[in-house]
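I've put the structures underneath this note.
Okay, so chain A shows up in both of these, paired with chain B first and chain C after.
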Partner chain A sequence: MWIRPTSDDVRQVAYYTGVLAAGVALCMSVPLATAIALGEWAAAMDYVLGMGTGLAAGGALMSLRPARGSLDHRHAMVISALGWLTAAVIGAVPLAFSGNYLSYLDALFDSMSGFTTSGLTVVVDLDHMAHAHNMWRHLTHLLGGQGIIVAALSMAVGLRGGAFSLYVAEGRDEKILPNVMHTARFIWLVTAVFVAVGTLALLLVNAYSGMTPLRSVLHAFWITIAVYDTGGFAPQALNALYYHSWAFEAVTMVLMIAGGLNFNLHAAVWGGDRRELARNIETRILAANILILTVVTAVALAASAAYGTPSEVVRKGVYHVVSAHTGTGHQTLHPAAWEGILGAGATFAIVLAMAFGASVSSTAGGIKAMRVAVILKSVYKQVKQSLSPSSAVVRVHYHHLRDRELTSRMSTAALTVTILYVLAYVTGGLIGAAYGYSPLTALFESVSATANVGLSAGITSASMPTGLKVLYIVQMWTGRLEFIAFFVLVAGVFVYLTSPMNDRRPL
Partner chain B sequence: MSRSIVACVLLVAALSAAVPAWAGPIEVTVPDLAGFTPPEDGARVVFEAEAIGEALRAPEGRRWVNVLAKDAPIGVVMEEGQARSITHFGDYRRNGDTLRIVGIFNLACDEHGGDRDVHAESVEIVRIGSLREHRVEWWKGVVGLVAGAAGLVGIRLSVRRRRRY
Partner chain C sequence: MKLESPLRRLYAHWPSGLFAELCAATLFVLLLMGVGALIAVLV
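Then we have the complex of A and B:
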């Protein structure tokens, strides 16, 4: 039975969405400070406007706060879905005025791509963009990668009631520490350590390459947060290819893998349990998948006319398999090279890597290794059951932080989300093909958007059809939510709007 | 008779092999080089583009200079002296020098890990970089401050409303 949302439910959702809008606005103080410090006054005005818009929207929504009532899981799902959309809409305001986007829709595309850590971009003239705008683009990766709700929880900005519901609604189903607020802060602590170490390593690489101190520091910080948060943005149009450095690629690959691992695994390793890395079914599946797809890509590249040397196989093959599998999306290839020069074999292997994704409770998107593991274990259970006497009770176990027994509920949940991802991948691919792009390129871009990866085979650009821009925005948004929260939002709105008027009090 | 035919065929074959080396470079644009229908691997090309970012260290004492034209970028590897002749690189504050580059185009350069690049033979500055103007639009600041103040009032009201209950 559908529970009809009341006006108080709507007010509750509006209030918390307003808190997030105001939070995003406050985060713009970082690019504003960057603009002021570097004397980029035109960009500074964009952030004053952006902050004002966010605070106004946040204040208006927060003023709808109901006098009483608390947050339940239904509210949490809807707030999570609306929260990501609101963050993208508010975050797009300064970008739209930057002069680097052809329209507000294009700015929204990049904002959604940033918050969902996708990394696809329709920016123009990126190489002449203000540092402040680059700071904001990369900061959206940091905020989105840890989860907007997690960010708000860790700062405890008015989200005390129903904190766990909000945390789960954001696509994280496991608490690391008993208290959800402490869990959120732990996620930020891990991130801070990796960002500090990564920034230092890339700073050294950049300084050795000959960058000025300021650009060395800024590029190192931006690339680190983009890579660790499995984002994909870069401050130059050539993306990772700008640096032409194997050392850069090595450091970023390590950060990509760290970003693609479950935060619970980080917690276990930090707690001294290094064996968990090897025992965890998720890590095993992830490692096996990366290995298989690396071999496939390497064979395909070695067979190609263009990329035959070992150095090319590593720098163009392994790098992109890791980038795709962890959902990062940094690339050292021109987008045109994918289908045209790498060939269909290597390109399809990358599509599969993007589709699978990395770990649950990480910053990555896609189906994720845990679900693949659960589905494989379910198949194994079915086969075992078929070969056993009819009276036998078949139990299948796996290790993820502790030994667990596979239940039919787990299998159903994993299969449901997997089917939704596959449907979204294929539907997006078919729509792209209907626009006249080659089926493989269209599938590549659709998977990249839905799995929040960011690799591009050449479709995504400012000049692509408006319909595809809207499609990819929706794919990035729903993919980040793992679909369910989106469907709850749609169903909630439908039920509210179709309920008899006397059930709805005016707001 | 047949000897002269064979001689003619050999002469034509020798000329066709030698002509590309003597022929002038193909005039291209950076979008051609970076796009879906690039010139042949190993083609000698000439193009104009803006130097962006900075000159980065490349193996064997050379330098990478990334260049941009019509929002399409590509990496050019050149001698250190050629890179040093570039006076301005493009960024937020200025347009970089416009360079006329003659070089060999590599679809997937074996020497540089498979990068699509150009190995420069000659680099000439055809236009010195210029300052970019960014007009400060104060209305954005005014609107932002007014909207922000209104938002803060809304937030304050929401907090007070909750406290009352």
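Then we have the complex of A and C:
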């Protein structure tokens, strides 16, 4: 039975969405400070306007706070869905004023790509973009990578009531610590430590490469955020190819893998249980998948005329398998080189890597290793059941933080989300092909958007059709939400609008 | 006996946990590079 949302439900959702909008606006103080410090006055004005817009919109929504009622799981799902959209809409405002985007829609594309840690970009003249705007683009990766709700929770911007519902609605189904606020702060701690370590390592690499001190620091910080949060933005139009450095690629691959791990796994290992790294089924499946796809890609590349030497196989093959599988999306290839030079075999292996994704409760998107593990275990259970006496009760176990028994509920949940991902991948690919792109390139871009990866085979640019821009924005948004929260939002709006008018009081 | 809280346990061991993760990720990257290079030589 559908529960009809009341006006109080709508006010509840509006209030918390307003809190998130105001929170995003306050975060713009970082690029604003960057602009002031570096004397980028035009960019500073963009962030003043952006903060003003965000605070005004947030304040207006917050004024709808209901006098009674508390947050429940339905509200949390809708707030989570709307929160990501609101963050992207508000976050796009300063970018739209930057002069580096052809329209507000293009700025929204990059903002959505940033918050969802996708990394696809339609920016124009990125190499001459103001530092403040690059700071904001990469900061959206940081905020989105933690999860908008988690970010807001840990900053305690008024999301204390119903905090756990909000946390779960964002797709983080396990609390790391008994207190959800401590959990949110722990996620920030892990990120802060990895960002500090990564920035230091890349700072040394950049300095050795001959960059000026300021650029070394800024590039190291931005790239670390982009790789650890499995984003994919870079401050240069050539993306990771700009750095053309073995050391850069090695350091970023380590950070990508760290970013692709489950925050619960970080908690277990940081709590002293280092064996969990090897015992966890999710880590095992992720490692096995990366290894298998590395072999496939290496064979395809070695057989090709373009990248056949060991050095090229490692630098072009292994780097992109890791980048794709962890959902990062940094690339050291020109987009046109995918299908044109690497060939269909290696490109399809990268598509599969993007589609699988990394771990649940990480910053990565895609189907994710845990669901692949549950589906594989379910297949094993079916086979075992078929070979057992009809009276036998077949139990299958796996290890994820502790020993667990596979239940039919787990299998159903994993299959449902997996099917939704596959449908979204294929639908996006078909639409891209309908626009005239080759089927493999269209599938590549569709999977990259839906799984929040950010690798591009050449479709994504400022000049691509408006319909595809809208499609990829929706794919990045719904893919990040793992679809369910999006459907709850759509169903909630439909039920509210189709309910008799006497059920709805004026807001 | 005083029980160790999850929060205290977490923050007591994190440097060694971080080190373990960085080592594991580095070894895994080296393994992938080795496999990639080996295949390039063999194929």
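By our rule, the second predicted complex is superposed on the first by the 507 of 507 C-alpha atoms of A that agree within 3 Å, B and C clash if a C-alpha of one lies under 4 Å from a C-alpha of the other, contacts with A are read in each partner's own complex, and residues count from 1 in each chain.
Convention: a contact is a pair of C-beta atoms (placed from the backbone, for glycine too) under 8 Å apart; a residue touches a chain by one contact, two chains touch by 3 or more.
Just so it is clear, the model here is predicted, and its values are computed rather than measured.
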item: Touching partner for A:46 - first (chain B), second (chain C), both, neither; value: first
item: Which of chain B and chain C A:340 touches, first, second, both or neither; value: first
item: Which of chain B and chain C A:197 touches, first, second, both or neither; value: second
item: Superposed model, chain A: greater residue contact from chain B or chain C; value: B
item: Which of chain B and chain C A:258 touches, first, second, both or neither; value: second
item: Contacts of A:291 with chain B and chain C, given as first, second, both or neither; value: second
item: Chain B versus chain C as contact partner of A:500, first or second or both or neither; value: neither
item: First (chain B), second (chain C), both or neither touched by A:303; value: second
item: Intersection of chain A interface sets (partners chain B, chain C); value: 308-309, 311-312, 314
item: Touch list for chain A against partner chain B, complex; value: 15, 18, 22, 25, 40-46, 48-60, 62-63, 65, 67-68, 97, 124-125, 127-131, 208-212, 215, 236-238, 241-246, 306-309, 311-312, 314-316, 332-334, 336-337, 340-341, 458
item: Residues of chain A touching chain C in the complex; value: 177-179, 182, 186, 189, 193-194, 197, 250, 253-254, 257-258, 261, 266-267, 269-272, 274, 277, 287, 290-291, 294-295, 297-299, 301-303, 308-314, 317-318, 321-322
item: In the complex, chain B residues that touch chain A; value: 34-36, 38, 41, 52-58, 63-64, 66, 68, 71-75, 90-92, 95, 107-108, 110, 112-116, 132, 134-138, 140-141, 143-148, 150-155, 157-158, 161-162, 164-165
item: For the chain C and chain A complex, residues of the former touching the latter; value: 6-7, 9-10, 12-14, 16-18, 20-22, 24-26, 28-29, 31-33, 35-37, 39-43
